[in-house]
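These are the structures, in structure tokens.
Heads up, the next two complexes both have subunit A, just with different partners, subunit B and then subunit C.
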Partner chain A sequence: MIGCLRRLLAVAGNTFLEAVRQKVFAVLLLFGLVIVGGANYFTEFSFQEQFKFLKDLGYASIGLTGLLIGLLGAAQLIPGEIEKRTILTALCRPLRRWEFIWGKYLGLLFLLGLMVGIMATAVWAVLRWKEGQLIASEGSDPAVADLIRGEARDPRMLQAVFLIGVKLAVVAAMAVFFSTIATSTTFVIAMTLMVYLIGHLQSVAREQWLESGETARWWVKSFLVVVSLLIPDFNLYNLIDEIVAGNAVHWRATLEVAGYSVVYIFVLLVAATVAFEGRDI
Partner chain B sequence: MKPLGFIASATALLLVWGGIKVPWEQRMAKSQRLNAYGFSGPTTVAVREKLGQGLALAFLGGFRGLAANALMLEAHAAWENQQWVRVRSALELATVLQPRVAVFWDMAAWHLAWNAAVAAEQFSGETSETRRRMEARRWIEAGRNLLERGTQAVPEKALLFQRLGDLYWQRLQDYGSAAKWYREALSKGDAPPYLERFVGYAMDKAGDKEGALAYFQDLRGRMGKEPDPARRPEVVDREIQRLEKETHNTAPMEKKSEIRNFRGYSRKP
Partner chain C sequence: MNLAVKTQGLRKEFALGWFGGRLLAVEGLDMEVKRGEVFGLLGPNGSGKSTAMKMILGLLRPTEGRAEVCGYRAGTIHARRQIGFLPENPYFPNFLSGVELVRYYGKLSGMGGSKLEARIEELMELVRLGREAGKRPLRTYSKGMLQRAGLAGALVGDPEVLMLDEPTAGVDPAGSREIRDLILELRGRGKTVIFSSHLLEQVEDVADRVIILHRGKKLREGRLEDLLSHKGEWQVRMQGIADGDRRELRAWLENRGVRIVSESAPRERLEDYFLRSLPQEVRK
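Up next is the complex of A and B:
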């Protein structure tokens, strides 16, 4: 058991270091510039709108950067290793295939977690900086100053960042699954992106299938069923929009989405392991 | 087993999981809707809007907020250039993308019912006053329509109900409806404290002085003996005094006119 854990962590650490060596953290600099530049772009709006814009920009930047890094990182996991023949040296050691897959995913998760953490800290810092700026210009009334502070120090930001991280983890698991059956990185990127986009429409397909009383043709219905069954519902993570809009979102709902994501990731990794077991290398 | 067999097994596993996850997703989506809108059935937001959101989401990959913000900026730029049709289309699309953001509906309605309507009435260059007024009315109706849809999309917040009341008061001079929407806003719990007085003001403006007096008296009673200063009890007291004076002054006049009418009637054969 301990040996298995050690092997998993060795693969995870190696994957993480490999990603770091590829200078993915340079993207963070770009992210920082975007967010700081964006902070001064909406000054003609009310402070509520400015904070809304800033939070949207921050969360979207975290999501987009994380998506790109997760996607590119996962896409290179298996096809890249096969192309470079490095997978042979890895698998000829006492390392099981499933340990290789799960270790790779763990490494990717470390990378994503670290990046989301750093970017969330940057967003938080910019919000605090904006708070100081706005209090200096508009906060002479204590009630307004309190409102500005409330917007800038909204504890729900933690909920939003957590949800972004969980969503990215599902996307990364999806990419890992595709990388076990793909022969090229392009295939993995294209398939994962497609699932990511369709995932935002999955709820429409599901509701059309389950709740609509309309009698659709059999092939339309079959398509809706396949989409509903095979693709995750990424609209469930839209709680982030609710948080940015200033609406109350219970932690219970957030944790339920997180629980769903964890089970989804587990199933995807098991499916990836099954597919990888039968792969000729 | 052949490699294809392993892939088929993996797909079968995902399909089995799909059978488990679909009811779970359905329940979570309903629960999220319940928290957001207060009911779990299909939302009253138009189907067109729902489909619009879905399609936009698919193409934007979940970055709705960013796209909606870009549209708000576009609307702002169009407003500065007095391009009202562009303002309207950008704002409508922004509210479609993020229907749960109350400030979007608020800003959109303000641009249409106030800015565009005033521009159409006063600065359009149209010589016919009737046409100018008709055009202004069209913008006001567009703003009202947006706010009504907004109250359906964000039914738990007072802001849009309050703005609808403002619109009826300031743009349509329909004070009775304004009072109705202010009451609705007050029922939401997050209404500003001054709004409770506006119900009475609107009733007064609508000509229902007795009703306004009864409302203010009831309001004062609800404030208790040691009211919160933010609710401005002294203003409510002043309104009660004023309305009492006005209703007492009009009551004898009404009586006199009744007597006159009665006399006049009695003279008839």
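Up next is the complex of A and C:
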């Protein structure tokens, strides 16, 4: 058991270390931080709109940077190791293949966790900075100052960041699955992006075809059922938009989405393990 | 029998795309390597040496037949615990330092704590990678240093069997000699070493037995002494013999019906001469 944990953590640690020692990840993180910081200079709106804009752009930056880092990181997981042949010297050890896959995923999660943590801290810092600026300029009325503080210190930010992290964890699991059947990094990135887009569009299609009142043909229904089972519905994470809009989102709903995500992550990793188990290296 | 590696009817076919047919890489390979032996896998490029090694390591699944390592079916965790592997080229994560590489491989072997750290120190000393070199990233290493770091990584789990795929390919003569000396040292410690090489002189220096493969099939197998010694011939090297005595000796032998096959002044091997020409500190 301890040996298994050591091997898992060794693979995860190495995956994490490889990523953080590459310049491309630092550049992507910097790109995200610049967007978050730059948003602070849009001052043409009312303070509510400014905060909404800051949060909207901040969460979008975390999501986009996380998606890029997750895709690039995952693409290198297996095909990258096969291309560099470093996988030979790892898999000839007393390391089970599932330990390798799950360790790789864990390393990617560490990386995404670090990235989301840094960027969320940056968003929080920008919000607090804006709070100070706005209270100095518009907060002479204590009621307005309280409203500004309420916007800047909105605890729902935790919920939004948590949902972004969970969504990125699902995308990473998809990328890990594709990396076990892929022969190139390009294939992993292309397939993951394609499924990501389908995941966003599937509920639109479902509404269009199934809930518009028209009678859908049996094969359309069957196709949509299969797609909705195979591909996670990424519109569920639109709760983040509700949070940005200032609407109340219960933690129960957030945790339900997290539970849905955990099921998909587990299934994807099991499928990845099965696919990788019989693969010649 | 006390066997380190045994293969029976090992066969591997690769699919060449969807409509490309199949490529036969290894066919019906039967091989037995005894514990403590240095065993050479010889053959031209594409003869199936690396494929056979990968099947023994469990990286490739045989199409037919089976391979065993110390009595365990190849590819199982038990079998992989008995094996250390050094690939042909330095396929190591080059963002790590030498010490980090060995530590990573140690952890992959389930090791940890002070036991692993002590083992790393012992191995870095064995492969002669100093403290400073051990801290440098692998991308700054020469090929010889990389192979030595890789060898330390292969040895970290204290395996019974070491598989070295072209361990001296691309390494300079001094580095190559070091790796050869290491192989001999490992044999002295009771390890079984299976290696492939194109440098036949080196194989001759260290191998107890060899197998020759061609297009995936075994052509020859046996002890070097049996394969290479000329039956019914005798060779003598001598010093201090005068020219006249030499001619007289030759005539005496011919009178007794001995056919002289060759007669020449012995030459030093270029590798030995080259290494002797280098400054002492480089040779070390």
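Structure notes:
To be clear about the criterion, the second predicted complex is superposed on the first by the 252 of 281 C-alpha atoms of A that agree within 3 Å, B and C clash if a C-alpha of one lies under 4 Å from a C-alpha of the other, contacts with A are read in each partner's own complex, and residues count from 1 in each chain.
The rule is simple: contacts are C-beta pairs under 8 Å (C-beta built on N, C-alpha and C of every residue); 3 or more make two chains touch, one makes a residue touch a chain.
Quick caveat, the model's predicted, so the values are computed rather than measured.
Superimposing the complexes on subunit A yields a three-chain arrangement in which subunit B and subunit C fit side by side. By the document's definition of touching, of the two partners only subunit B reaches A:Gly63; subunit C does not.
Shared-chain residue A:His250: touches subunit B; no touch with subunit C. In the superposed pair of complexes, A:Glu242 makes contact with subunit B only, with no contact to subunit C. With both structures placed on the common chain, the touch criterion links A:Glu138 to neither subunit B nor subunit C.
Annotation for subunit A, partner touching more residues between subunit B and subunit C: B. Shared-chain residue A:Asp154: touches no atom of subunit B or subunit C. Vertex at subunit A: the C-alpha centres of subunit B and subunit C lie 170° apart in angle, rounded to steps of 10.
Legend: residue contacts after superposition of the two complexes on their common chain; A:Lys52 is shown touching subunit B, with no touch to subunit C.
In the superposed model, A:Asp280 lies in contact with both subunit B and subunit C.
In the superposition on chain A, contact of A:Ala272 is made with subunit B only, not with subunit C.
Once the two complexes are laid over each other on the shared chain, residue contacts for A:Ala90 go to subunit C alone; subunit B is not touched.
Here the smallest spacing between CA atoms of subunit B and those of subunit C, following superposition, is 10 Å.
With the contact threshold set out at the top, residues 278, 280 of subunit A are in contact with subunit B in one structure and with subunit C in the other. Interface of subunit A with subunit B (complex): residues 42, 44-46, 48-49, 52-53, 55-57, 59-60, 63-64, 67, 167, 177, 181, 196-198, 200-204, 206-207, 210-211, 228-230, 232-239, 241-242, 244-250, 253, 256-257, 260, 263-264, 267-268, 270-272, 274-280. Residues of subunit B touching subunit A in their complex: 1-7, 9-11, 13-15, 17-19, 21-22, 24-26, 28-29, 31-32, 35-36, 42, 50-51, 54-55, 57-59, 61-66, 68-69, 72-73, 76, 98, 100-103, 107, 154, 156-157. Subunit A makes touch with subunit C in their complex at residues 2-4, 6-7, 9-11, 14, 17-18, 21-22, 84-86, 88-96, 278, 280-281. Remark: subunit C residues 14, 54, 57-61, 77, 80-81, 83, 85, 87, 89, 91-93, 95-96, 104-105, 107-112, 150, 153, 157 touch subunit A in the complex.
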